[in-house]
């Protein structure tokens, strides 16, 4: 395979450690994928393999229909959903899926997470939306993700009764969105468990999101 | 002892580290056992020994009546329950017992965990049932486990006011069920604490469970 | 100092790592002490020293009035309470104090933890009681601990608006009681947050406690 | 740069590890700063850099207007708030900012944390107050912090819908306040989730705070 494929394998193998570090995953449920630069391919976690055993060589390569192109193992059972997102959203370079506890709890109530934290305004630009219930096995999950995220600034969607999918321009950004999604899902859950939430003015949310996109981090 | 015994000791000693990693156990409470291939024996954690000190040599060997056959230490105080399961369920090759927080909380209310997550449909095929209150010291716990699990697809049972027992074709599968049981017990607890749960259609649960059994992981 | 003092220092220094491992302590709040075998002395954590820096040499030695006898550092600000317990309860060889989250939450409501788990019956023989509000600086905390625990099988007391004190025949047993106290405080909190608790028959509690005292662990 | 600058860089780089250890931060959100002894400067975390990558050399130096004086990276996006505090409060030698879960949950309800724990009386001398909602980008956050903390014994303020700022005579004391703030925010949240809180007499709070300030730790 090309150098771009090997670089993507290395990046995606390494990023799974962040899912473990932030306790977003149990056992083998949860996966990161990344588009291969300049090729109609993406790389993704193999199915049912533990995070301790993931190496760049174990990461599998798929085409944009989700068909295995290179690798010794079967791809993640969520591969079709990742593939659909890469086909439908050319600006997306990385996709992450987890069943992280607090985000999935909102999904089990089919309830979006209201934007009551400046950190949510920064990263998500508003509430984190819920997507439809969809069975695994065809394009339904992918369609639900894309239909929900296309009208939103949020890089995260809570799929009903299922878990979280996040997108980003690259796999690291999608992992960051997954980490922050669980963080704000937990904080807002705890906040509302203690009483009535105080909202943020939508104009302030817009200003925070715009500033974060343009002024945060290193140039 | 035979090579199969030593292999089982090694596997079971190592798998206890997963109970620690996923914070399913405090101090010395919680144990894994495994049937010895081709012999009427199983291996199990010794009683009251810390997880740091567990070595393959410290794992004890019992016959299917739970009597000590080999080992320098007394077997787990839960040995009779494990033995009963091995006698009654020949398809079971591994048993795990924990007092993991969220699963035990459902058990303290004598309440099954409703199946509102696709990950529950996958692993448990429906709700996680509760078994009866039973005192330690005879076959009552074992009988309660078997009577509850025989009518169920779930590999996990919440024993009332006590904790979790899980089964599997081998010890690793039983450990996975214990990890996933706590994971979904926590997510569904958090979900319901925040408002009304949204259910999953029983037909969808059946389809998810069937697909997971046959298509997940490596062949 | 004698060999018994040095042995106690080594044991008590090492046991603080269990408070950290089980997340019972933040920063420097929480301490373990141990009676010195055959002498009217006990050893205890120095005040305000981080757990990373604790060595056997940093552990200080006090007489049973809580006066410093050996050591380069000031003793824990809870020394008077530990000393009172050693004076009043000759069977006690170890004392632990923490502000662990869930146990302290019950203490902030002045509410005992009801015995709804077999693991509580085992370790505590019933509910975990609350002791009075008492200010630091004299014998009031010690008196409150002793007055509460003398009528109880529980080795743990929740001091109102303050935190947990546990006792044991040796420091390791007191640490175990502190670990199990937080474990059951958390499980029962979560259980009750989800609905109505199911009780355990007092006769069953007695039988569980008696069996655990006599049959658990290694002889 | 001077030796005092390099010492401050080393201290501040190292203290970020405490934010990680106590799980006060996700990804790159949260920062420590420290005044440089004898100079009109402070050092602070660079923006958007992960805690794993922080070295003394990566810590940037700013003047008291928050302008970069030395360093290869852009300063934290919260630099203006830190700078305002150093200008307005000459006794402050360290500032910490986090979005720690439980403290931020109280901030999302615009609700102070009531003082129902002796550990709160010790460290905070009463309730932990809330400050106003303020947008990033000018001195509004700094002004809100200073206006709130000037009338209080608390070294911590919960900024509405945002997170926590803590101050101290040095960076380590500010980090301690951030750690203890999250600890008591969590304990009081859990306590109140379980029922009615029991208060502490204000006279007792005063006595506890005074004793802690003068008698805790090493002299």
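Side notes on the structure shown:
So that you can tell them apart, the chains are marked A, B, C and D in the order they are listed, and the count of residues begins at 1 in each.
As a convention for this text, a contact is a pair of C-beta atoms (placed from the backbone, for glycine too) under 8 Å apart; a residue touches a chain by one contact, two chains touch by 3 or more.
Keep in mind that what you see is a predicted model, and the values were worked out from it rather than measured.
Residues touching across the chain B-chain C interface largely differ between the two copies, under half of the numbers being common to both.
Centroid to centroid, with C-alpha atoms defining each point, chain A and chain C lie 44 Å apart. With each centre defined as the average position of its C-alpha atoms, the distance from chain A to chain B rounds to 31 Å. Residue positions of chain D touching 2 or more other chains: 193.
If you draw each protein chain as a dot and join the dots that touch, you get one closed loop, with every dot joined to exactly two others.
Interface residues of chain D, counted against chain C in their complex, comprise 22, 116-119, 176, 179-180, 183, 186-188, 190-191, 193-198, 200, 204, 207-208, 211, 215-219. The part of chain A that touches chain B in the complex is made up of residues 26-29, 46-49, 73-74, 77, 99, 101-102, 104-106, 108-111, 133, 135-137, 160-163, 189, 192-193.
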